[in-house]
Each structure stands twice: as structure tokens, then as C-alpha cells.
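In what follows, structures are represented as C-alpha cells.
You will see two complexes here that share subunit A, one where it goes with subunit B and one where it goes with subunit C.
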Partner chain A sequence: MSFLAQTMRQVLRQVPSRTAALAGGMRSLSISPAFLQQNKPATESVDISAISKDQQKECSNICERINQQVAKSEQGRLFAVVHLCGKQFKITPGDIILVEGYWPPTIGDEISLDKVLLAGARDFTLVGRPILEPGLVSVKATVVEKTLTHTKTHFRKKRRKQYMRINFQRSPNTMIRINSIELARPVDGNSEAEVEPSKRLF
Partner chain B sequence: MVFLNLALMVRARGPDEFWRKRRIFKLAAHYRSRTRNVYSFAIRSVHRALAYATKGRKLKKLDMAQLWTTRVEAGCQQYGMGLETFKDGLARSDILLNKKMLSDLAIWEPRSFEALVNISRERAAVEGLPDIKRRSAFNQVYGLRNLKLD
Partner chain C sequence: MSNSHLFMKSGFPRAPLQNGLGRYVCQLQRITLKFCKNNGSSRGMRDFIENHLVDFAKENPGIVVYVKPRRHRTPVLVGEYLNGDREWLNCRNNTQEEISKWIDLLKTQNGSSSSLRLRKMWHTDVPSIQGPWTPFLLRSPETQGQVYPNTEASKPLETPQSATEKLIELFRQQQLEAGEEAHDLLSKKRAE
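Here is the complex of A and B:
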């Protein structure tokens, strides 16, 4: 490897203008993925404070418009993508969602779903990275029904091998009614969790 | 049948012939032709059907995953973006929506999906993923280190 580097250096000394071409040639031999090898443009010296101010202005402008719309309650019905029991559900007020498998809450429990990955309305969408900050969107839900699934027959058979097994299984199901999805406080650009995070995250 | 000793008990075939057959015939009631009426045919098809149903429950999950992938891919292609780049761009921006949600958004919330595609494309351009032809505006104007998404 050192031998190769030495040769490279010699070649480069002779033809300084072909650096890029040679580097390109070496790149094709490399096993590391292409996106790691791209020539990133050099960072130019720009006034960072001006940019950030510009971005801040744009950001606050958008937040302002969202807040205005919410204040006039013109946003319409909100939808949200929540993470619940290892699955993601796209929900809107009035929906019933089905949680499969064992899940402790019982009938009549009012719960709030805190892992909101995405919330949106007609004119805006809030995207969480990966979840929205706690307390921004409040999703309230009620446990409506707890039942068992229909009987599933688990049947295995091997031909000509005298092997046959049959089992029956039913697993618990929970139905949850989504009561409301609301923006709890005005949207602002800075992501500070003012509300103390709840102890349970559903 | 009276089980007087162990040997007879082992040889006994369970419930009465009528009830044993009736269980099978009830499952075969909606079959066509002689598989409905002839026990030797009925039991064969019932066993096959139950085995298929058992396997099908697993296949259904795989099929749905495939369907979601297809839908998300179609959704990306509307905006001229490949599926892998889209997913990679989302993952690098810490957006952890799964395939099911992305396909749902692509169908029912097209404007949200377009926003996600834009986020992902910008991220892919900034990180220089190979599939993106267009250079990032951030890269050209400000440089990578000035990109502040947080």
C-alpha cells in the first residue's frame, strides 16, 4: 500500500493538473460506497448569523401562519400518526383502532397517545424526528372493547409420515376509540420541552 | 366401545364414527362436487385447506409488506425519486415512519407525502447520495456545515 502511495505521489508531482482525474480513477477501484467519495464542495466563507437569521425569519413566518390558522380554528380535522404497541397507526378523531395481543389497559380507560410521529391538517404537516416534542399534539383515546379474536386453527400435516398436529388459538384484542387530536400549544421553531414528559408513553 | 384394558384403549379411534365424520363434513359443507359428500375426498380437501390457512396467515403479512413497498415506490416515482434513496434520506433525517404509514400517506395525504419526499431529497443531496443528480442548494450556497435542521 505504501508503495502505491509513493507511486501516486510521484505521478502527482509530475502532473499536478491531473489530480482530479487520477483521484477519479482510484475511486472506481475503491470498495467503499460511492456517496462517501463524492467531492464535497468547499465551504465558502459566508455570514452565518445572516443565514440563520434568514432561516429563523422563514421558520417563524411558517409557525406564525400555522398558529394564526389554529387560533381561528380554520385548520379543519387533524390527523396523526401514532406509535402504539410496536405498530404505527394513522388516526383521526372518531377512529377505532385495533391493538392485537396482550395489552394491559382495561375498558373505560382514558389514555393519551404520546408518541406522535406526524400530525397534519389540510394546510400543514408537523413531522417528528422521530416523534414530535411531548405536549405539542395531544391525542386522547378511550379503551372501548376487549375481546378475543376468532379461533385460528393451527394445522400441520405431512403426507405419508403419520404426522398431524392441530392446535387452536385465540389472542386478546383491544379496540380503542380516538376521542380528539388537538394542537395543545402554539407551534414555535425552538424545540424546548416545557411540559414535563409524562411517565408513561403510549 | 368399552375399554377393558390398555391395549383396547390405544386402538380406540376416538369418538363415534358419525361425530368424527360430521366434524369434517361441516367444514366441507361449502365445497363442490364429491368433496362435499364423500368422506375420503372431504377429509383430504379439508386437511389441505386447513394447512393452507395456517400458512396463509404468515403469507398475508409478507404480501402486505410487498404491497406497501410497491405503493411507496410508486409514490416516490411521482416525484422522480428512487425508493432506496427516499428511505435512506428519511432515516438519515430521523424520520422513522414505517412502510405501511408511508404508503397510507402517499395515498390519502399526498401533500404530506410530498413534503416528506422534499425533506428526504434535500437530505440525500446534502449527504451526497449517489442517486440524486441535483446538487443541494444548501451545499452550493452555504456549505454543508451550515445546514441546521435541528
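Here is the complex of A and C:
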């Protein structure tokens, strides 16, 4: 099946005009979304020359408007989608989120959440690919509570086999309070190309 | 997994008194260590008191520590919290490490949490900033004024070509080709 899919993909790439018809034919197999998503050329840097002048102008105009709004601090309350311990949370200042399972930070620790997938305000949204460049949005949080969940009963039994086990378990939970979400520096449409990719985030 | 926890008291994540917004305040107020001076079941507790209790009290000046010896009773840990909760823990035959872990748990939690099932892992006072999503958001304005039932809108998005349609198409093509041939013949004859 994967071999078939690969050949199909090659065919699709060579014959762009027939893509729509083929995709229509393959819709019954319900893998066409995968076709459209996969094998996109990985763009490390934005090819600025390829973008037409009008679009560049529009882009810089939008960035400028966002920067003006932030400079006047008229943007209002910001929100962000952060990736934390394998889960994504939509947060705004004052929120409480819970991390399940073992997590080292203890109470009173002030941490910054660096994997910001999306940040937005009333009038604009910054979408990361997949995360926003490091240092653009600063999300500060405090660890408020570390506790255990209620006792969960793990009971298993096999009928007519004289087999019965009962286990009790409590897993750790960490409660985090979001203190602030701020735009650390002005938004610039072109600066994405200049960031060096090797920076460790957690 | 049994389902007995479904009938437990349930709730949502809350932190008392906006804790952590300005600064963090440890919620444990008092901790009482009760133990026996000569029974073996209190041995771990006695070791903990000898080796680590003074350090613990120095590290946490906000927590009042009481030590209460009593004869021939099991060792017990009791924590009292700012919200009035009181958590009682039996430490019979626990080792020193286990007791320090339990004390750490009492220190880091906001109240007794053992009897609350959480329904969500998230709490917010401002659920939406750009406005909640509705089905009419970002739709074309033409869809607003439509009258239903509407034949245009109720058609399937993509209908496969039926055999009849295919036949008709083939026939048309044939006719066209034949027509072209006839046209060619005509033009040839005209040229002659």
C-alpha cells in the first residue's frame, strides 16, 4: 500500500494538471489529504524574491500596524497556544493549567514557556510554523501546586480462571499559573530567515 | 479500571486566593509529627526527626512544625492548610525516605486533594478573546440570505459520472470526429 501511495505521489508531482482529477478518484480511499500534506518541499528560509512586490508590501504593512498597536499598548489581552509536556494549552494571563505525570519544577518556581505555537490578541494572530521564533513572545508562569491525583483503582479479573488483581495508583499533578504573555520585540515579517535553528526549547 | 471514581466528588482546578499571580505563598500552615519513642513502627519517623527535621524547619520558615511523642501508638503526619483543610497520614513502618517524600507532598499541595476528581486540566476566567466560534464565522455572505430547501445547496459536492453520461460523451466525441472527417472530405473536394 505504501509503495502504491508513493508511485501515486510521484505521478501527481509530474502531472500537476491532472492532480485534481486523480485526487477526486482517490477520495474513496480517503488518503487524499495525506497526499496534499506530505512531500511539501521543506523551506528553511523564505524566498523573498519569489513573493510578489504587492504581497511583500501588504505583509510589511500588516506587521507595521501590529507593531504600532503594540507600541501604543492598545492590543488588549493576549492569548497563546503553548506546547508543554506533550500537550497543547490555550492560555491567557491568569489561567491555571495542569501538567499530568512526573515533572521536576517545584512550587514557587517561575518558568517561561518557550514553545509558543500561536499568539494572538483581539485584532491579530501570529501563527508559528510549527512554533513562533524563539524570543518573539515571552510567556511567564509560576508553579503553584504539586499534588497527587485521587486514588484510581486498577481492577482486573478473568472469569472462571481464578485470576483477580487489584492495584491502586496515584499519579503526580502540577498546577501552573500563567502570569504574563507579552510580545518581547516588534513583529517583522522578514526576520524568520535570520534565526539560527539550533536552540533548545522545553 | 473500575468506575467508582465517577461517583466521587468532582471539581475543576482552582488555586486559592489568586495564589501565584503576584507572589507565591506556601499553603501549608502547620505540620505535626506524632511518634512513639521506643516502638519499631516509628523508627523511620525517629530517624527523620533526628537527621532532617531541623533542616526542613530552617528551609521553610513559614511552616510551624510540632513534634509530639506518645507511647505505643503508630506514627502519624498531620498537615493543616490555609484554607482550613487538615490532612492526616498514617506512617506506620515507613522508612526515613518515605516520610520525607510524604512531608514534601504535604508541603507542595494546596489542601487535601485526595477526594476530588478533576473534570478539566485547565481553568480560565477569559474563555475567548477574539470571540467564540459560530458556524457563520468566516462564511461567504451569500449563505446568510439563502432560503431552504435549496436545490443548489443540497446537492452533493461531487457526483461521479454515471455510465449513461459517459456513453453520451463518447457518442458526442464520435460524432465530432466524424464531423471533422466529413469536414476534411468536404474541404478536399472543394480544393479539387
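One rule holds in what follows: the second predicted complex is superposed on the first by the 141 of 202 C-alpha atoms of A that agree within 3 Å, B and C clash if a C-alpha of one lies under 4 Å from a C-alpha of the other, contacts with A are read in each partner's own complex, and residues count from 1 in each chain.
As a working rule, a residue touches a chain if its C-beta (ideal position, glycine included) is under 8 Å from a C-beta of that chain, and two chains touch if they have at least 3 such contacts.
On a predicted model such as this, the values are computed, not experimentally measured, just so you know.
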{"item": "Touching partner for A:79 - first (subunit B), second (subunit C), both, neither", "value": "both"}
{"item": "Contacts of A:149 with subunit B and subunit C, given as first, second, both or neither", "value": "second"}
{"item": "Subunit B versus subunit C as contact partner of A:105, first or second or both or neither", "value": "neither"}
{"item": "Which of subunit B and subunit C A:125 touches, first, second, both or neither", "value": "both"}
{"item": "Partner chain(s) touched by A:117 [first = subunit B, second = subunit C, both, neither]", "value": "first"}
{"item": "Touched partner set for A:135, first subunit B, second subunit C, both or neither", "value": "neither"}
{"item": "Intersection of the subunit A residues that touch subunit B with those that touch subunit C", "value": "79, 90, 120, 125, 152-155"}
{"item": "Touch list for subunit B against partner subunit A, complex", "value": "47, 50-51, 53-54, 57, 93-98, 100-101, 104-105, 108-109, 111-112, 115-116, 119, 127-130, 135, 139-146, 148-150"}
{"item": "Touching residues (chain side subunit A, partner subunit B) in the complex", "value": "33-35, 38, 40-44, 46, 48, 51-52, 55, 79, 81, 88, 90, 117-118, 120, 125, 127-130, 152-157, 164, 166, 191"}
{"item": "Residues on subunit C engaged by subunit A in the complex (per definition of touch)", "value": "1-2, 4-5, 8, 13-15, 19-21, 24, 26-27, 105, 107-110, 113-118, 121-126, 129-130, 158"}
{"item": "Residues of subunit A defined as touching subunit C within the complex", "value": "24, 27, 76-79, 87, 89-92, 94-98, 100, 106-108, 120-122, 125, 142-155, 170, 173, 175, 177, 179"}
